[in-house]
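Let me give you the structure first, and then I'll get to my questions.
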Amino acid sequence: MIKVGIVGATGYGGRELLRLLCAHPQVTVTAAASTSVSGDALADELPAFAKLIDLEFETFDATSLAARCDVVFVGVPGKASMAPVAALHEAGVCVIDIGPDFRLQDLALFQKYYGVEHIAPELVQKAVYGFPAWYRDALRQAEIIAVPGCYPVSMLTPLRPLTDAPVSGVPIVIDSISGISGAGKSLSQAFHFPEMNENLKAYKIGVHQHIPEVEQELLNRFTIQFTPHVGPLTRGILTTITLRPETLFDPAPYYACYADEPFIRVLGAGKTPDINQVRASNFCDFGWVCDERTGNIVMVSAIDNLMGGTAGMAVQCMNIRFGLEENTGLKWAGMAP
Amino acid sequence: MIKVGIVGATGYGGRELLRLLCAHPQVTVTAAASTSVSGDALADELPAFAKLIDLEFETFDATSLAARCDVVFVGVPGKASMAPVAALHEAGVCVIDIGPDFRLQDLALFQKYYGVEHIAPELVQKAVYGFPAWYRDALRQAEIIAVPGCYPVSMLTPLRPLTDAPVSGVPIVIDSISGISGAGKSLSQAFHFPEMNENLKAYKIGVHQHIPEVEQELLNRFTIQFTPHVGPLTRGILTTITLRPETLFDPAPYYACYADEPFIRVLGAGKTPDINQVRASNFCDFGWVCDERTGNIVMVSAIDNLMGGTAGMAVQCMNIRFGLEENTGLKWAGMAP
Amino acid sequence: MIKVGIVGATGYGGRELLRLLCAHPQVTVTAAASTSVSGDALADELPAFAKLIDLEFETFDATSLAARCDVVFVGVPGKASMAPVAALHEAGVCVIDIGPDFRLQDLALFQKYYGVEHIAPELVQKAVYGFPAWYRDALRQAEIIAVPGCYPVSMLTPLRPLTDAPVSGVPIVIDSISGISGAGKSLSQAFHFPEMNENLKAYKIGVHQHIPEVEQELLNRFTIQFTPHVGPLTRGILTTITLRPETLFDPAPYYACYADEPFIRVLGAGKTPDINQVRASNFCDFGWVCDERTGNIVMVSAIDNLMGGTAGMAVQCMNIRFGLEENTGLKWAGMAP
Amino acid sequence: MIKVGIVGATGYGGRELLRLLCAHPQVTVTAAASTSVSGDALADELPAFAKLIDLEFETFDATSLAARCDVVFVGVPGKASMAPVAALHEAGVCVIDIGPDFRLQDLALFQKYYGVEHIAPELVQKAVYGFPAWYRDALRQAEIIAVPGCYPVSMLTPLRPLTDAPVSGVPIVIDSISGISGAGKSLSQAFHFPEMNENLKAYKIGVHQHIPEVEQELLNRFTIQFTPHVGPLTRGILTTITLRPETLFDPAPYYACYADEPFIRVLGAGKTPDINQVRASNFCDFGWVCDERTGNIVMVSAIDNLMGGTAGMAVQCMNIRFGLEENTGLKWAGMAP
C-alpha cells in the first residue's frame, strides 16, 4: 500500500482527491493537513467521510508528512502551493501539486498572470507537467508533478497532436463553458446560488491565467483566443475550438497519439461529446466537425473539471509514478444521470 | 383596446405571448386557437391563467379569427405556420408570426435548411422582418410580420451595425449557449430532465437553420461559423462573437444605431452581460473586449430567448404596428434572482 | 401617478419590488435609498434597470423621502426595518414593510424568535398585517403595512379558513420546500452554488421565526410542526400540510372566503399545484387530497416567494391602500417555462 | 472473479449498476442483455463505457445467461421483471432484482398497487428483501434478492428500529423529495427539462406503490402518510418524518442496530443530513430533532436514490451473497461538489 498525505483536503480539488484516494485499492490515506481545521476529526468537517477515514486534520509540517508518506498531494489555491511544495520536496518526499504554481516554465509569464514572483524558480524546472500522454516517461521518476489545469486539459487534448499540422496563423478561437466548482469553494456574490442559477456569463476574456500554460504546451506554435464562460452546473467543462486548416484536415495524429491512452477517447468526425459521458470520470472525450461551407474545423471536448485536470489526473500520475496499473482506482465510466 | 387572437398558445412561444398579452394594458385577448385542445377551457389546459383569461380553445378558422381580431399571433412550430399565416392574410387580418417560415427571402435556402418547399412564396416578399431597429417604418404598415429567431437577435444586434466596418474576411466565429426552452415543448430523450441537468453540449455545428437568416440580415457581407450549445437552464441565450478587425475597432456605429432603441443596451468596451440582467425582459444587452494580444474583438450579447426574438419582440412589433408607445406592456427590467 | 420611494432596493425583495413598480402603470419611482451604494447611479448597480429608471441611490433620510413620496416601501433584512419604518412613520408617510419587524403582535415572541427587543412597540399595534383576504378594510387606511412572510402566505392561505373547522388537536405537520432566493443576498457557504446545486436539506426544524407569525394568524387555534427545506431552485415555495380532521372534511369555507380573491386560486380536491403555475406571479394556488386510508387531508400550496408574501403582495396592498384596482400591475400568469 | 450479467442496462438503474460493476475489483461483466438494442456495441449505445467494457448487447436468453454468469442483475421497469427473474431462477442462476416485483409478500397488495396479477407467486416467498441490516444471514444464501425501493430505504432506515418503541397511533407523516432520476428514463411532459427546472410538486399523495412495502417492513406496526415530491435535481432523496412518541424518545435502538453497519450513519440528535454527503455513495445518513414545543420528533434521512435502494445496495447484496468484504467496490464518500 502506498502511504499518501494530502494538504488542503477541505477545498474542492482536495476533497475530490480524498474521495478517490479513500476508495483506491492500493493506497492508505495516512495524513490530512489543513491548518484552518487542525485538530478536528476529518469526519466532523467532511461528514461524507464518516465510517471511511478515521483521521484528524493536522497542522502542515513538511518533515512530519515526509516521514510518514510515500507521496503528498497538495490541493491549495493558486500561489499558495509554492511554499508547501518546496518544503515537502526539501523534506525528501514525492509531491503532486494540483495547483498552477509549477506549470509555467516562463517565470516572467507566471509573474504577469499570477501577480507574484515565484519563490522556488529552481523547482519549476524540476517539476514534470502531469499530462501522461506526453510526459509518461518523465513522470515515472518525477519528484514534483504539476498536474495540468482543467481548461488546459480540455484544450491540449485535441490541439497538442496538431502542433505540426498546417493550420492558419490566425488565433485559434476557443470558447469554454465550465461548471462553478472550477471557481473553488471561496464565496463570492457572483457564485451565490440565486445569482448563478439560470445564468450564463463570460469572464476574463483574453486574460485568463491558463492561456500561457496552453500556449506553452502547444510549443508556442499557436496563439489562442480563449473566452471562458460559466453556467449553472457544478461539474464539467465543454470546450469548443474553431480551427482554420490550410490544407485538408488530417486526424491521423489523434489516432497515433491516443490509441492506447486509457483516458482519452477520440470520437472521430461528426461526433461531439457531452458532459454526461465523462462526469465523475477521468476521461477527456473529443470529436470534430469539418464545415465544408466555411473551411473550418470545429472541435468539441468534454471533461469533468474536478477529475480530468485535477484529482483524477493526479491519481493517474501517482499510479504511473509508483508503477501501478495506470487506471487503478479510476475505472469509472461517466456517471449519468 | 386592440383585439388579438393567438394560434398555438400551448407551445412555449405562444404561451409566453399569452402571458404578455394578458397583462398588456391596451389589448384584449379575444381568441385562442389550438386544434389539439379545442373545446377545452384555456385555464384547464394552462392553470396559470385561471382568474386571468376566460376563454375556450377553439379550432383554427382563419375567417372567424379575422372577423373578431385586429391582429393574430401565430406561434406554431417551424414549417407549420406557412398555412395558417397565408389563410389569415387571405382573410384580411394582420398577422405576426413568431416562427421561421417568413424570414428567409431566398426560397432555395429555405428549402435547403428546412427541408420543405415554401407554399406561399409571394407572401415571403410581403413579410416584414420584425427587427424594429432596422425595419421600424416598414413595420408600421406591415400585413405580415416575421419576428426574428432568438439566436439571430443575439447575433444581429451586435453585428448588423458593422456591415460597413473593415473586418477580416475569415468567417466570424459565433458560439452561443441557449436554455432548453429554445428547443420547444416536444419531448426528446436529449431534453429529459436527468439527461440535460448538469449537462452541456454543442449541436447542429455549421448547419443550424438560423445561419442563412443571420447572413441575409448581415447583407451577406460576412460568413459566420456558428456553433450552438445547450446548457442546464430554461431561458436565455448568451452569444460570444470573435471578430478580427482589419483596422482599429470603432464602436461608433453602435451608438449611432442604438442610442434611442428602447430594448437594446450597449454596455461598451470591457463590459459584457449575463442572463440575469435580461431574464423575462425584452432587452438585448451587449458589450465587447478588445484583446490587444491577439488583435481580436470578443463580443458578448445576452437575451431571454422567449422574449427577445420571440414573444417580447412580437409585442414590440404589434405596438409599432398599431401606433402604441413602443414599450407598452414591456417595461420590465431583467428578473433576478 | 403615485410617487413611491424604496429603501433597500439592492436586496432580493427590494429589487423585485423595483421591478414591479417600474412597470406599474400608475406609479412613478421617485427615490431609491440604499446607504451602502449612495450616490451611485441605480443602473450602474443594477444594470437590468438601465433605460428604465434614471435615479441615483441616495442615503436614507426619512424626512426627505416623506416629502417626495406618497408611500415608501422598506425592503431591508429582518430587525433592520424597525428604525427606518419608525422614522418614516414619524415623518408622516405611508410605509409598506416587506420585512418581519411589524408582524408579531406579541413582543415577547418577537424577542424570543428574533433575539432583539423591539424599538417601536407602539407601532406594532398600529401596523396592519398585509393579507388582503382578511385585512382588506383595515389596509385601505393603514399607515404601516406589514407584508406577511413568504412561508406564512403558503400556510395561511389554506389554513386560515379552517380555524373554526373540527380538526384534531395534534400539531399540524407542515413541510415546506423553498427556493434559495428566500435566504436573501447575503453570502454563506451553504448557499454557494456548488454546495446547493443538486442538494436538499431541512433547517431550523421547529424553531423557524415564521412559526409564531403563522400561529398568531391562525388565531392560536392550531399548533404547527413546521419543517422548512431548501432545494436547488431560485424562486418558489411548495408547502405540504397534513391535517387530521375529526369529522368529514368540508371545503366550503374556502369557496366562501376566496371566490372573489384576485390572487388566490382554490384548485379543489384531487388537484395540487406546482411552482410553474405561479412563478413570477402574485398567485397562491392550493388543493388537497382526502386520504381515506389514513383519514388525513394532505394540502399542497404554491407561491413565488419573491412575489406572494413579498413584492407582489406589497404592491397589492399599495393598490388597495391607494384605491386602485387591486390587480393593477399584477395581471401576470405564472411564467413557465 | 465473479461473472455477472445484467438485464436492462440502458435504463437508469441498470446503467448505474453497470458503472459500479465495471469498476468493481472482483467482478467481470460477462453479458449485457437489452433486447431493444440487441447486437449493438455497448459503447455505441453508452459512450461513457468506451475503453472500459467491450461487449455487445444481446437478446435476453435466460439459459445462455445462466450458463455464463454467477449472478444476473435485473434492472427493468416495475412489472417487467417478473418474467425474466422467473426464467433466470428456473435456469439456475442467482438473481438480484432492483425492481419492485418481488418485494411485496402480500400478493393482493401487489395487485392493488401495481395493477397486475403476479405471475410467479411462489418465487415471491423465496425472494429475500435486500436490506442487509435485517436480512444479512438470509442474503448469504439467497437465490433471488429483491433490492428495496429507494423511498423505502430512506424511510425504513430510521423507522425500522422503532417498531417496538412507544409511538402514537396517528399515522406517521412522511414527506420525501426526490430527484428526477427516480422517475426513470421514459419520456413524459412532466419531466421535460423546461417543465421541471425551477419546479417542485407533490404526486401520488397517499397512493404511492412504496407505501405497502414500507408498512410491510415496519411489520405493520405503523400506518404511514406518505407524500412524495419531486424537485429540480437528478439524484437524491431527502425524507422528513414526523413522529409522535408517547414517552420520551429513546434513540438507543439506532446504535444497537447500526453501529457496525458499513453504509448507515446515525448522525444523532440535532443533526440532519443533506444530499451532498451521500451523493454517488451507498450511504443512508439520518438524524433527528426533538421538538419540545410540540412533543414531536422530526427525523431526516438522505440517500442517493440510484445507489442506496438501487445499484449500490444491489452490489452490497452481491458482496454478501458471494462472501466478499461487504464494502468491496463501494468505499465511496459522498461526491460533493
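Letters A, B, C and D mark the chains as written, and numbering starts fresh at 1 in each.
Here, a contact is a pair of C-beta atoms (placed from the backbone, for glycine too) under 8 Å apart; a residue touches a chain by one contact, two chains touch by 3 or more.
Here the structure is a predicted model, which is why all the values come from computation and not from measurement.
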item	value
B-C against A-C, pair bridged by the larger set of C-beta contacts	B-C
Maximum centroid distance from chain A, chain identifier (CA atoms)	C
Distance from the mean Cα position of chain C to that of chain A, given in whole angstrom	45
Whole-Å gap between the CA centroids of chain A and chain B	39
Geometric centre distance via CA averages, chain C-chain B, whole Å	34
For chain D, residues contacting two or more additional chains	12, 179-181, 194, 197-198, 232-235, 273, 276, 336-337
Contact footprint of chain B on chain A as seen in their complex	168, 170-171, 173, 175, 177, 179, 194-195, 197-202, 205-206, 223, 225, 227, 229, 231-236, 238, 240, 242, 244, 272-276, 279, 289, 291, 293-296, 298, 300, 302, 336-337
Contact footprint of chain A on chain C as seen in their complex	12, 179-181, 185, 187-189, 191-194, 196-198, 232-234
In the complex, chain A residues that touch chain D	12, 15-16, 18-19, 22-23, 25, 46-53, 180-181, 197-198, 234-235, 262-263, 265, 267, 273, 276-278, 280-281, 283, 285, 306, 331-337
